[in-house]
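Shared between the two complexes below is chain A, which has chain B as its partner in the first and chain C in the second.
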Partner chain A sequence: MNGIHDLGGKHGVGKLEVEEDEPVFHHEWEKRAFGLFFGVAPHGFFNLDEFRHSIERMGAAQYLNTTYYEHWLHAYETLLIEKGAISAEEYAARCAEVAAEAS
Partner chain B sequence: MSSAHNRPLSDPEIRVKALESLLVEKGLIDPKALDELVDTYETKVGPHNGAQVVARAWTDADYKKRLLEEGSAAIGELGFSGMQGEDMVVVENTSEVHNILVCTLCSCYPWPTLGLPPVWYKAAPYRARAVSDPRGVLAEFGVDVPEDKEVRVWDSTAEVRYMVLPERPAGTEKLNESELADLVTRDSMIGVALVQAPV
Partner chain C sequence: MDILTPELVPVIVANGASTRVESDLEGRFKIGDEIIVRNINPEGHTRLPQYLRGKRGTVKRDHGVFVFPDSNAHGKGEQPQHCYSVRFSNVELWGREGSPKDSCIVDVFDDYMDLQ
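After this line comes the complex of A and B, so read on.
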């Protein structure tokens, strides 16, 4: 692959920004996104290489404009649906329910 | 069930909640087990582990030799092993060589010794420039490597995880192993900082 993830040497991808004493997780949802990997991985829907590859398939603009754990979310959504663990329809429906409940 | 939020959820919050609830319903995940893992990586696994490895290497020449020859085994002697640390290579900073680590393709990082990586390590600017302008990156981190000193950049592959063995600073001869470990920072084990002697 020659995707955007192959960042070594690229220009124009922004300035180095370092947050002093940054927390391990910046949001509660990031903790859940992290933890999900270990719940899902043992079921064998995908391996770590497929996980990385699903992120590499994201598309350059989306890849650069989303955060690290948003990449993980993209991986779960892509692979769990591709592998049939969940359906796109039930996932979309659940997202709509969750959003409605909160508003 | 009333929501505890008094604001709409963000897009990632919605997606995480939706995924988690679906997977729980299908009996695929146990949220309590996930809570424990999160807690482990948030509070227990971290650079204090790697600092112990460094302090041991500074004070025990045989250990240092083993560490540089077979990183995983030597690190394992101190009880640190596991996910994202299965294949460790430790590279030594000396008076001739300064080492810096990166994963240009994603975020590969030695979890058992350093914990989870900081955002800057995983983000595009560092991944892009660490390999093409390491001295510039180091200067931005406040590390000025003399022109005649070699800089080696180690780009992690999918399997190998690197860790830098930083130089022991002068003025630390009287410190014990535990006191030495307290000086070792995460950034010094990535190679974007030097270990400072106590003032």
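After this line comes the complex of A and C, so read on.
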């Protein structure tokens, strides 16, 4: 698809920032986001190409304003709901619970 | 479906998991072929970047046979096919803004191109 993810040759996206001593993960939750792939992908919920496509289907503004592992999180949310592993209602309810615990 | 075991996790984290398919399928192209990339604009998933479409290049290397992402992303099967490294001059890709000294080598699937 001709989405915003296909950035090759595009102007106006700013300079490529290269971090010195770049850590593998920038936040603790990113480790879990990474690990979750191995928990779900090999068990038939989705394949790598479906995973990539679900990220490409993000809205352009959302895609550009979110980080690499936020894209992964979006993929899990999208695919696990689309595949019927969880429902959108269950997911929203759990998000509300977590938000309530954090506040 | 392959089952992921705990022993496999460190191996996959370190090396990635390949989508290579063991197959004696023949490719449509050979090293040195002059090709033109198809101008396709599928609504679904593709690994063909927009900046390559309609461009002319030269096949430099045949990587072998791999799962075709465009079909595998949509439940249409693996459709295994060859993937090649193809060289494109920067002038071909970017016109007068491209350096005549430079080129890009991009991996391109069999179904993305035709002979010139």
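A few comments on the model shown:
Quick note on the criterion: the second predicted complex is superposed on the first by the 103 of 103 C-alpha atoms of A that agree within 3 Å, B and C clash if a C-alpha of one lies under 4 Å from a C-alpha of the other, contacts with A are read in each partner's own complex, and residues count from 1 in each chain.
As a convention for this text, contacts are C-beta pairs under 8 Å (C-beta built on N, C-alpha and C of every residue); 3 or more make two chains touch, one makes a residue touch a chain.
These numbers come from a predicted model, not from an experiment.
By the touch criterion defined above, A:44 reaches chain C but does not reach chain B. Of the two partner chains placed by superposition, only chain B is touched by A:103; chain C is not.
Within the superposed three-chain model, A:8 lies in touch with chain B and with chain C [touch as defined at top]. Judged by the touch definition given at the top, the superposed model places A:53 against chain C, while chain B stays out of reach. Using the contact criterion defined above for the overlaid structures, shared-chain residue A:32 touches chain B, although it does not reach chain C. With both structures placed on the common chain, the touch criterion links A:19 to chain B but leaves chain C unconnected.
With both complexes placed on chain A, chain A has more residues touched by B than by the other of chain B and chain C. In the superposition on chain A, A:73 makes contact with chain B only, not with chain C.
In the superposition on chain A, contact of A:85 is made with chain B only, not with chain C. Overlap of the chain B and chain C interfaces on chain A: residues 6, 8-9, 38, 43, 48-49, 52, 56. Interface of chain B with chain A (complex): residues 1, 3, 5, 8-10, 12-23, 26, 28-31, 33-35, 37-38, 41-42, 102, 104-107, 115-116, 118-120, 122-132, 137, 140-141, 155, 158. Considering their complex, residues 1-2, 6, 8-9, 38, 42-44, 47-50, 52-53, 56 of chain A touch chain C. Every residue of chain A that touches chain B in the complex is listed here, in rising order: 5-11, 13-19, 22, 24-36, 38-40, 43, 48-49, 52, 55-56, 64, 67-70, 73, 76-77, 80, 85-86, 90-91, 94-95, 97-99, 101-103. Within the complex, the chain C residues that touch chain A are 1-4, 9, 12, 17, 19, 41-46, 49-51, 67, 69-70, 72-74, 93-94.
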